[in-house]
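Below: one structure, written as structure tokens.
In this document, chain identifiers A, B, C and D correspond to the written order of the chains, with residue numbering beginning at 1 in each.
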Amino acid sequence: MRERFLIGFDPFVLPFMIGMAFVLTYCIVGLVRVILQLSKADRRKLAASLFKPANAWRNIRDMFCDCLFHVKLWKRNPKLGYMHSSIAFGWFMLIVLGHIETFMFVPEKAGLFYYPIFFRYFMMMDNYSLRGSFFFFAMDFFLLVVLSGILLAMYKRIRSRFFGMRRTTRLSITDRVGLYSLWAIFPLRWIAEGFTAGIAGGSFMTIPINMLLKNFMSNPENITVAWWLYSLALGTFMIALPFSRYMHIPAEILLIPMKNAGLKVYHPRKGFALAQIYTCPSCGVCIDACPMSASKQNLKDTSVYLVRQIKRNNARRMNAMTDKCLMCGKCQEVCQIALQSYDIRMKIRERATYNLELNHGYLDSYQPSIAKSKVLYYAGCMSSLTPVTGRSVKKLLDAARIDWTQMDPDGGVCCGRPLILAGRRKEAEQMIAKNTAIIESSGASILLVSCAICYRVFKEEYALKGIRVMHYTEYFNELMEEGRLKLNRGALRYAYHDPCDLGRGCGIYEEPREALSRVGIIAPAEKERAMSVCCGGSVGSLTLSQEDRIPITQASVQNMLFSNPDRIVTACPLCHKTYSRFSPVKVVDFAEALCDGLEKKADKVPEAVLETVEL
Amino acid sequence: MAKDNVVVIGGGPCGIEVSRNLRDMGYTPILLEQQPELGGHLRKWDRLFPEGVEARKVLKELTSDLKGVKWFTEVNIESIQKSRKGYTVNVDTGMSFETKALVLTTGFKLFPAENKQEYGYNIYERVITNADLEQFFKTKKDSRIQNPKTIGFVHCVGSRDEKACNRQCSKVCCATAVKQASEIKELFPDATVYCFYMDLRLFGRSYEDMYLNAQRKYGVRFIRGRVSEVSEDIDGKLYVKAEDTLLGKPMKIKMDLLVLMTGILPGDSTRPFAEMLKVPTGEDGFFTPKDTILEPCVTKESGLFVAGACTGPKTIPETISEARATAIQVHKYLS
Amino acid sequence: MIDFGYSLSKSRTLRIDNLDDSRFKALHKLEPDAYKCIGCGSCTASCSAGVFTELSLRKILLSMQRGDEKEYLNQLQSCMLCGKCMLVCPRGINTRHLILSICKICSIEK
Amino acid sequence: MIYKGKQKIWSDYQKEIPDDHWFYVRSCIRQNFFPASEVTFLRILRDELGKDIYETPHHTTCGGIAYHQECIPQETQMTIIARQFALMTEAGYENYACSCITSFGLYCETLETWHEMPEVLDRIRENLWKACRREFNIPKYLAHSSDLVYKFRDEIADRAKYKLVNKDTGEPLKVVEHIGCHYAKMFPSKGVGGAEYPYVLVGMAERWGGNVIDYPERRHCCGYGFRQYHVKANRGYSISNTHKKFESMEPYHPDFIVTNCPGCPYFLDRWQYVIAEQTGKTYGGNGYGIPVLTYEEMAGLVLGYDPWDLGMQTHQIAVEPLLDKIGVKYDESKKYEGTGGKPLPEPEFPMNIRCC
């Protein structure tokens, strides 16, 4: 191998060089901006984490797994995983191998950015070596890998269902420029290297091309044109990159250490959030995941589009999309980069201005008298509209001979979460303080909560000294485990719905299932646990109208009916109320379902149940 | 085999439909109408709630096929004699008809709005009635309606009002008011339309949608409170006083147009016929049938039938059903 | 001016046509269902804050529609936004959004 | 305004008013507030028209003010009325005319009560007998004295010296007519023209050349409202109602107000001064108020009686601008001359309203 030209330069490298310079400058400026936007404490936290060996290792592992191998995508859908990792890893290998080649054969040119990229143009084969042929083969192999990925990517544009995606993101113009230039890069590289394969050598990909079109290919005029095109494609891609979704390629490298350092979103468009926003690859996985996608009109309001509007700083759309969101957290669960859309939205909501301030000072004089007991039961506002919850809880507690009192028999103070969800955290403080005072002075050691919404806020926002906050699914399961609550098992098939705030919000998936399996058979839903579908009634959405919620609820009910259950069980009064209107099978509260086990069970399944099964 | 004559008195939708059905069963119905044309109040209406079907079309359908029905307009009944065989009906044109069965479909009249003096109908220029408004919808001509900006609808004018000597609900005016409020808003989109109601009594299939549409699509403002009095301002606009009973506040609105939803009273001929034929009437003045639940079209007098709005306020579909039911009752009686 | 020991009192009568309902119109823009209220009072009856205060969403909404919400507006401050009213509304009005929108549009004059 | 519509209503509400032979009772308060009105009534009917009107100094109050302030029970009040009827019966009359609207309303109410509940009538007869050994017949006809003037409006027009017309422009004067609430609002059929569009004063004003205006608050109470005025704490409420009426009639620029009730002219007249002192606002032209007349005063003016004989110097609001408009001749120097050579005390003049 030796150089073809002494000067080692040709004007066709300019588009690539301009693109490269642009991208690098952009990224460096962006990086500095993000770092400067971080609070001092966050910056220190980030720096410290970078030098902690365990963390550093995690960073590297995550970078490889997430950026190159797209492990999460493989898990989601192997075809999708292959498509992404073939392009990312293949390209990465092409670059790495190019550099190795340069280092090995022309170390003096290693400083030139363009040299490893256009290596085949500047070099010619003088002798055949094993070392050389290994590279010829390896380079062609990875080119093939990348090309196969590109081919799949093209197919995905036509048929996304093949990759397990019902809907894909509608691309912006810059996204399209990026996409088409990316698609063009590798075929052009193949052709360009095909031209020079006669001179610079090649392997199973490039040589056949060269042979096939010998006359055309050997014309030196055409050679430069091919390399110009290749360089232009690269240049275009890199110029478009910062304005397209491909910004995720460099941004993710920044995001991984930030995430591993445990930073928190404090502003919707600054610092950590900004890094996340640039890391969003607009893959559109969140579109399918979003329960709002049950109606077409909401598709444009999913997280991927929110990110786009945040980038554009379109405040009107940002607010509208944020206020519409159910805050179920599912997009975050499926997101490849774990974009903290919930936190970002919360920050957007918190920044909304209201002329009329809420004030709960009137609660000062509220002093309910609560009998002292071990367990204090807080039913919450919504439960008064599903009285069966309270009645069933009472039955179960009494059956287990628990010493308990209800905190809010005649209506109490709201837990504060609905207000927090509306972004008005400050205004919820008086309520939280009041509830804290009532609970702490009650002398109870367990605060029992039957509402998933309340439970989450008690866990996240309350500091209750010496009091264990328990959701009734946890508590009743514990009582059964300890043998204090004995229930009979029946033949009813229960489909358990994971309320958003209980499941994704607080990570409680197993306790309710364990408890339910003691009174009946669990009939799995199509999507459950972290993938569970919001019922549509969420107080998280501020603007969704009743009408627009209906398709969401109907889709969610369909999901629950997947294995023909006899009952849909939910552990949140809001889901209960929402489902009840649209479900063909009876919707019961978790406690109500457990109460089925209080009755003596007949050996055979009741007739009515059989009928439903047959249907 | 030619079957008997049946005299039907009153050529509104009910009388027409009774006659048509009797004709289909082979009888010779004789339909007598006081007015120059058949159709009754339906002739004066533009559209019908809840879907807004054109009254003209309904009437056309009803009168399209009257072959075999002997109908006479501009006839007044002079006397009716009851004999063992049936009835002899003498009319002012000199004719008389023998019939075994007599059907009264004498209908209703609208409450004379001027009797509710405090609303100033016929005194203040811009006070009109629901019937006037229908006429305007039909012809788009009414000197009193000049691009109004504020329009009020007063429900229960002459209904549910002991002072107006009618304690009963007229049943159809709420739905008519909601329909008309929406229609007028469509004609004058810039106008603010208020409905003053005591109770909103519109019920029946898809009436609620009509109400919802009036609220959401047309932005009609419903005020729970009855208009107490109307007066005229120096510029000819109306001052309307009412209480918003849901807020507990008296209110006064300057209006360009006020529509009085006049209620339904028994027709003027109800009392003379009741006396002539000894059909009992209720305190409300409508004919009382033999059994209000099981035999709503039959009277205690043999061979005498009553149908339609002469036994109480009814919607058009209710009237049509009752007309068909009556035809069957007549047939059963005659065979 | 002579002090007679009594004076003209302000009329309680709402002069609807003189009142400014622009705030209601703005509200209607934000929440088109604002017109759907039928004044049934379910929201008020079920209200969590209504246990402690005079809060009546029905009155606030109706008075806004009349352009005369001043006296009721401070009631809204006690709202906990719990959403019970949304669950009970027979007309399916998104009452929470209604309340938040009112908070955006209206302010209490001090 | 559709005049025909009103005419139809007026034709529906006509009441029978006999021609002659009336037993007449005066009002408690009118004799003080408008001291010459009742005298003028008698002068017109007796002297001008030659009617037989009987009066007795033995009659008392009807008890209305006390009754409407819930100071005396209905039975007591009915017995007082029964005594008046006894006086009528003793004098041999059957037609009863009263000068006061409160009384008229009360007589209507009492007669209606006796009609509906004869047992009450029996009890009242017994009461009266026990109290003063008197017996009575129920009057055959009951009228308010304005009904009588209304009835003879044509006769008065025939004898008229002046018309209710602006002598300079030839335009009819713009008249606000105000009917006492108790005249027909309780029993529409007992009033000429009914309750909504009463005709009794309209008939007079129009017959004598005036033009009646229909302003939005025409039906509203003058503001007196018994307790609303008598209890000082409520007086702001009383004047507010009067104020509402003036605000409503202001755009029409009325030339004068005519009333048929004791309280109404008093409050419409006096409150204009108080409103002017409180708000600085006056409703007549040039800083004057709107003159308020009783129907007797209006009739007297038309017949050419001396305004000072009609007692118009006792008005708060100056009547001179009105007299000038009509062209009534009057001697300004004799305004406070008084009868029998005893001069009347001259009033102080207020700050904010021109009174002369």
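Simple rule for what comes next: a contact is a pair of C-beta atoms (placed from the backbone, for glycine too) under 8 Å apart; a residue touches a chain by one contact, two chains touch by 3 or more.
Given the structure is predicted, the values throughout are model-derived calculations rather than measurements.
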If a chain touches subunit B and subunit D alike, it appears here: C
Most remote chain, CA-based centroid, reference being subunit C: D
Pair of chains with maximal C-beta contact number: A-C
By mean Cα position, the chain sitting nearest the middle: C
Distance between chain centroids, defined by C-alpha means - subunit A, subunit D (Å): 86
Approximate Å spacing (C-alpha centroids) for the pair subunit A, subunit C: 40
Centre distance in Å when subunit A and subunit B are each reduced to the mean of their C-alpha atoms: 64
Complete list of chain pairs which touch one another: A-C, B-C, B-D, C-D
Touching residues (chain side subunit B, partner subunit C) in the complex: 150, 200, 212, 215-216, 219, 221-222, 224, 241, 244, 246-247, 249-254
Residues on subunit C engaged by subunit B in the complex (per definition of touch): 12-17, 28, 32-33, 35-36, 38-39, 58-59, 62-63, 65-66, 68, 91
Footprint of subunit D on subunit C - complex, ascending: 1-2, 4-9, 11
Subunit C - residues contacting subunit A, complex: 31, 33, 46, 48-49, 51-53, 73, 76-84, 86-89, 92-94, 96-97, 100, 102-108
Interfacial residue positions of subunit A with respect to subunit C in the complex: 323, 352-360, 362-363, 366, 381-382, 384-385, 410-414, 416, 418-419, 422, 424, 431, 537, 539, 542-547, 574, 577
